[in-house]
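As written, the chain order gives the labels A, B, C, D and E, with residue 1 at the start of each chain.
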Amino acid sequence: MTTSFSLPLVKMQALHKSYGNGAIQVLKGIDIEMKPGERVVVIGPSGGGKSTLLRVMMGLEQIDSGSVSFDGKAYISSDGAARKTQIDTNVRRSIGMVFQHYTLFPHLSVIQNLVLAPCKVRGESKAKATARAQALLERFGLGAKANAYPAQLSGGQKQRVAIARALMLDPKLMLFDEVTSALDPELVGEVEQVILQLAAQNMPMMIVTHDMWFAKNIASRVIFCAGGVVVEDGPPEQVLGAPREERTKEFIDRVFHIKQ
Amino acid sequence: MNYTFDFNAVSIAPLLQGLWVSLQLTAAVNVLGVVLGFGLALLIMSPIKVVRLPFMLFVEFFRCTPAIVQIVWIFYCVPMLFDVFLDPMTMGIMALGLNLMAFNAEAYRASIQAVPREQLDAGIALGLNPLQRVLYIVFPTAFRASIPVLLTNGIVIFQQSALVAIVAIQDLMYQGKTLATETYRPIETFTVVALIYFAVSFPITQIVGLLERRRQILVS
Amino acid sequence: MMTLDFSILLRFEHALLLGLWMTIKLTVICIVLGCSLGFLVGLARASGNLALRAVSGAYIEFFRGTPVLIQLFWIFFCLPLILGVELSNLASGVIALTLYMGAITSETFRASLKSIGLEQLDACVALGLPRSAQVINVVLPQAVLRAIPTLLSNCVSLFKESALVSAVGMADLMFVGQNISNNTARPVEVLTVVALIYFAIAFPLTRAVSLIEGRILKKLAI
Amino acid sequence: QSAEGYWQGVQKAGTLRCGAAVAPPYVMRDPATGEYSGFFADLCKEFADVLKVKPEFVDTTWDNIVAGLQAGKWDLSLALNRTPTRAMAVQFSIPAMEYQISLAYNKNNPKITAGAASVADIDKSGVTLAVMSGTAQDKAISAAVKNATIMRLPGNDETRLAVTSKRADILVDASDTNQLFTQSNPDWAVALNPTPALAKQGVAFGLPHQLSAADVEVVDIFLEEKVATGHVDELIRKAVDDVLKGAK
Amino acid sequence: MTTSFSLPLVKMQALHKSYGNGAIQVLKGIDIEMKPGERVVVIGPSGGGKSTLLRVMMGLEQIDSGSVSFDGKAYISSDGAARKTQIDTNVRRSIGMVFQHYTLFPHLSVIQNLVLAPCKVRGESKAKATARAQALLERFGLGAKANAYPAQLSGGQKQRVAIARALMLDPKLMLFDEVTSALDPELVGEVEQVILQLAAQNMPMMIVTHDMWFAKNIASRVIFCAGGVVVEDGPPEQVLGAPREERTKEFIDRVFHIKQ
């Protein structure tokens, strides 16, 4: 591993991002450093730019200016003038992402969903990828569903398959964007369980969630993000339990239903 | 290519007369199709099987056979079978009208069945009786939802109306064919005729597209 | 009211079958060519290139905005003159109906491409899939699956529209039917049987559309 | 056009393509086999023999028989009437026979008064005349009537059906064709040859516009002999017999 | 008012309900008595029959056997043999219901949605109904939206309009089926606020919700329903705080994320 302990795993510098040619400023200068092994939970009001932040890290969005480094390499950067975002796809492959709406490929079976990327991206043999996929599914309690199609799965099962699919490429960082908010409350647990399992293996991750109990249980650090800037950043006990900023407090109260 | 074009040979006046006939035919057929198509839709959705089946067969028959066969059949077989002959325009309206009724009935049926069940549940919860639910919830939503398809079917009928030229109704196509044989200038004539059809259809399809987009924005 | 005698048709069974064969041959050839053309035009219509979009758009609008009958007349009698080449009746028929089919299927393909959510592409990027795999393994199969029911309906439309070639003198089912009805002076029997033959082929196809639609919807849960 | 003659080109292709629209007894199509007969079809076959090529009949309609020739869809058109306007678009061979227009109608039709003899006698508003669109009879009758309605239909089938189904009152067609019609519907159909005659024209092969005089002469010489020897008359008799036999 | 204080407002007796001709038993003998002024929250696992229960009360479903009375009148009953459910529509009009997916009529404006039922069902004059509707909208903070169409509203606004619409008929009992679970977390509050307002006016109601904080705040009684039967029934402190039944405890733990 090239990662030296003192180096940050991810470093975002002065990230700016807008939609509609600058009409809607969504990220207004984000600087976040994330150390290896950290589990960062991002919370904040709707429209605050949380999803955009994760999508930028994943290289799904063009940025206006700034850069993101991974393992010391600036893999996303923008030459402000031409508004053209440079993305180093090799580095990007070290990052996995799971979305709110289970983005499984509906025409492929569960196991085919899992082996597609390893075979096409890394040229892994089908047999080897299938074996790894099967093992991963077993671990997530989905061994019996290998040949099912996504439409035949419950929401919780779909989301667990999506996580397994992302893990097939051995990512060094996982991004989760509200992965449980489309689920029935009863199914939330099984998905969070799986993420907690990963956390127990020290997988670095950045998680956007509205589920405060999950946030408390998984976060090693919480960032409150609103209006395109980082408003508060600290350990979960501080940000969730005793926020320093008025806006954070207001948000936490609202979501925790303390004020009626 | 050794053909010299001569568009002067194409006299516009008879073509415009033909266009007027085509438009009248299209309008009359659409009135039939929009109004009677709705009644037909109700019949094919009837809970009573004996009522439903013959009308379903009727709809499927008109949807599954070529319009030209329908037209020729109605023009030649109806008079022979029943010994009646109405004036050609009436026959043309009848032939295309039955065709459009079948297609529109399907459009109505699809959008009536697409009214979400929750909408009806809400109607019950508000104490509306079955007739009121149909009148105030099902029909307005279904009718709105069918408009783009009705308009599209209506334009298709304008184009299908060219088929009546084959049974000598003096529509645009018929005038075009006559002109082409009279002047021996088929290329120029058919080009002009095609352009006239296009000039009428195109703006309408654009409007339909616009309506469709507007509706999608409204519904979502 | 006349008496009907369908037995006269038995004499012409072979001729009707020949006509039907022409209709089916024409339809099948034009389905294959038309779908391929439609797919390419659908892509062009969705492409970023303005010129491609404009040309494909004009083509689609023109063929959807004019009667098939006039397209046939035009291609039968005008195209050979303009191109300065000789075209057989079959070739003219194939060209005309292929262009018609291409126009209607391109819209089908475009709609099905559009219906694939952007999040599917996001997922591809997040998995690091190369562009080729995105297209071949993710976008294409879904687009085709979603397009199948509408494509089948397009095929039924083409099958019906093919009857128009009788008007330009191609010996398809309709042409043979009219020929027989003239010779025998029994139009009611002949035209009724011709209509029933068309129905017997088109109707099962439309049933298949709803069946397949149900299956695909279930599989893809869309 | 290439320097070599038109017919050499046909010989090279190996087939003589004849554009054929149905008009018994000139051109008939057997619905059961799709094969062509009629005396003009026979002439075409004989001409193909002269050229030592196979004849091939291309199905068409009267509407399109000139356009198809212009478009090069076939090498010659069968049974075209020689008219000046047509001659501006295509060329003709010498006539193979003379042709006259007659009017066939239902003798029980009250709209047609007994003793009608001229076009003027039937040229009344409310009377519908069915005619094959694009044919010589179409041109002739269109020029002659003022009050009656003309219904132009694409083929022989449709015009006959129109009269049979009482949609039209009178069938305007070649006298030979109408004779066949009345003979196969003897119980109600009658025909009259109007005086003065509506049109007396020669029926000939239609040839593409660009043909050289030498190429046209090839066909002319061929026909000249067939007409002079009475062979054409023989073919006509045979064709009429065929039709009448078929109708029984 | 005919309601005597001792009489129950709603009385369900031996309710049985199945789908697919008895193939799927959804309600397996439900007996619930609800007193006037009670606010009953129904919780339970997905598929447990909560929605079905409310739909039966609203007369939206056929039942296999049993009956439901309102104000002492059995308005829903089944003669077990013919499997035909008798519904007294007059009584049913005293009950209002709000659904999970805002079931506003998309072709009518907000105010038209509200006045439709009073005008058509009770023959109220349009002017009078409109005045009442406008007042109700003001009260719910939607005065400015009277002429908007549903598609122009946020989820929270739609749901508030749906509640106002149900109230236009002066119901004596309100049913709420997961009315906030399709909403963005941030919008949940405004809808719950409105329901709490109604509760403050002593409107009897039966509420299905997965939001435990809302349940705690609004319930005067909580029913835990699973597998088509009532498993536990008691005051909120008991059922939510110290459930007696093992299944209830397990469910509460899972949804509260206490166990990981």
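Methods note: a contact is a pair of C-beta atoms (placed from the backbone, for glycine too) under 8 Å apart; a residue touches a chain by one contact, two chains touch by 3 or more.
For clarity, every value in this text was computed on a predicted model and none was experimentally measured.
Separation of subunit C from subunit D in touch steps, taking the shortest path, is 1. Chains that touch both subunit A and subunit B are the following: C, E. Contact counts per chain pair peak at B-C. The greatest centre-to-centre distance from subunit A, using averaged C-alpha positions, is reached by D.
Distance from subunit E peaks, on a Cα-centroid basis, for D. Averaged C-alpha coordinates put the centre of subunit A at 37 Å from the centre of subunit E.
Once the centre of each chain is set as its mean CA position, subunit C and subunit E turn out to be 52 Å apart.
Centroids of subunit D and subunit E (each the mean of its C-alpha atoms) stand 82 Å apart. Counting partner chains per residue, subunit D has residues 67, 70, 154, 158, 161, 164 touching two or more of them. None of the residues of subunit A touches two or more other chains.
For subunit B, the set of residues that touch two or more other chains comprises 2-3, 76, 80, 83, 166, 177, 180, 186.
In summary, the structure contains touching chain pairs A-C, A-E, B-C, B-D, B-E, C-D. Residues of subunit C touching subunit B in their complex: 1-2, 61-62, 64-71, 73-74, 77-78, 81-84, 156, 160-164, 166-167, 174, 178, 181, 187-188, 191-192, 194-195, 198-199, 202-203, 206. By the touch criterion stated above, subunit E contacts subunit B in their complex at residues 55, 58-60, 89, 92-93, 95-97, 99, 101, 103-108, 116-117, 120-121, 149, 151, 162, 165-166, 169. On the subunit A side of its complex with subunit E, the touching residues are 45-46, 181, 184-187, 189, 192-193, 196, 210-211, 213-214, 217, 254-257, 260. The touching residues of subunit B, when paired with subunit D in their complex, are 2-3, 75-76, 79-80, 83, 85, 88, 166-168, 174, 177-178, 180-182, 184, 186.
Across the complex, subunit C meets subunit A through its residues 117, 119-120, 122-123, 125-130, 133, 137-138, 141-142, 145, 218-222.
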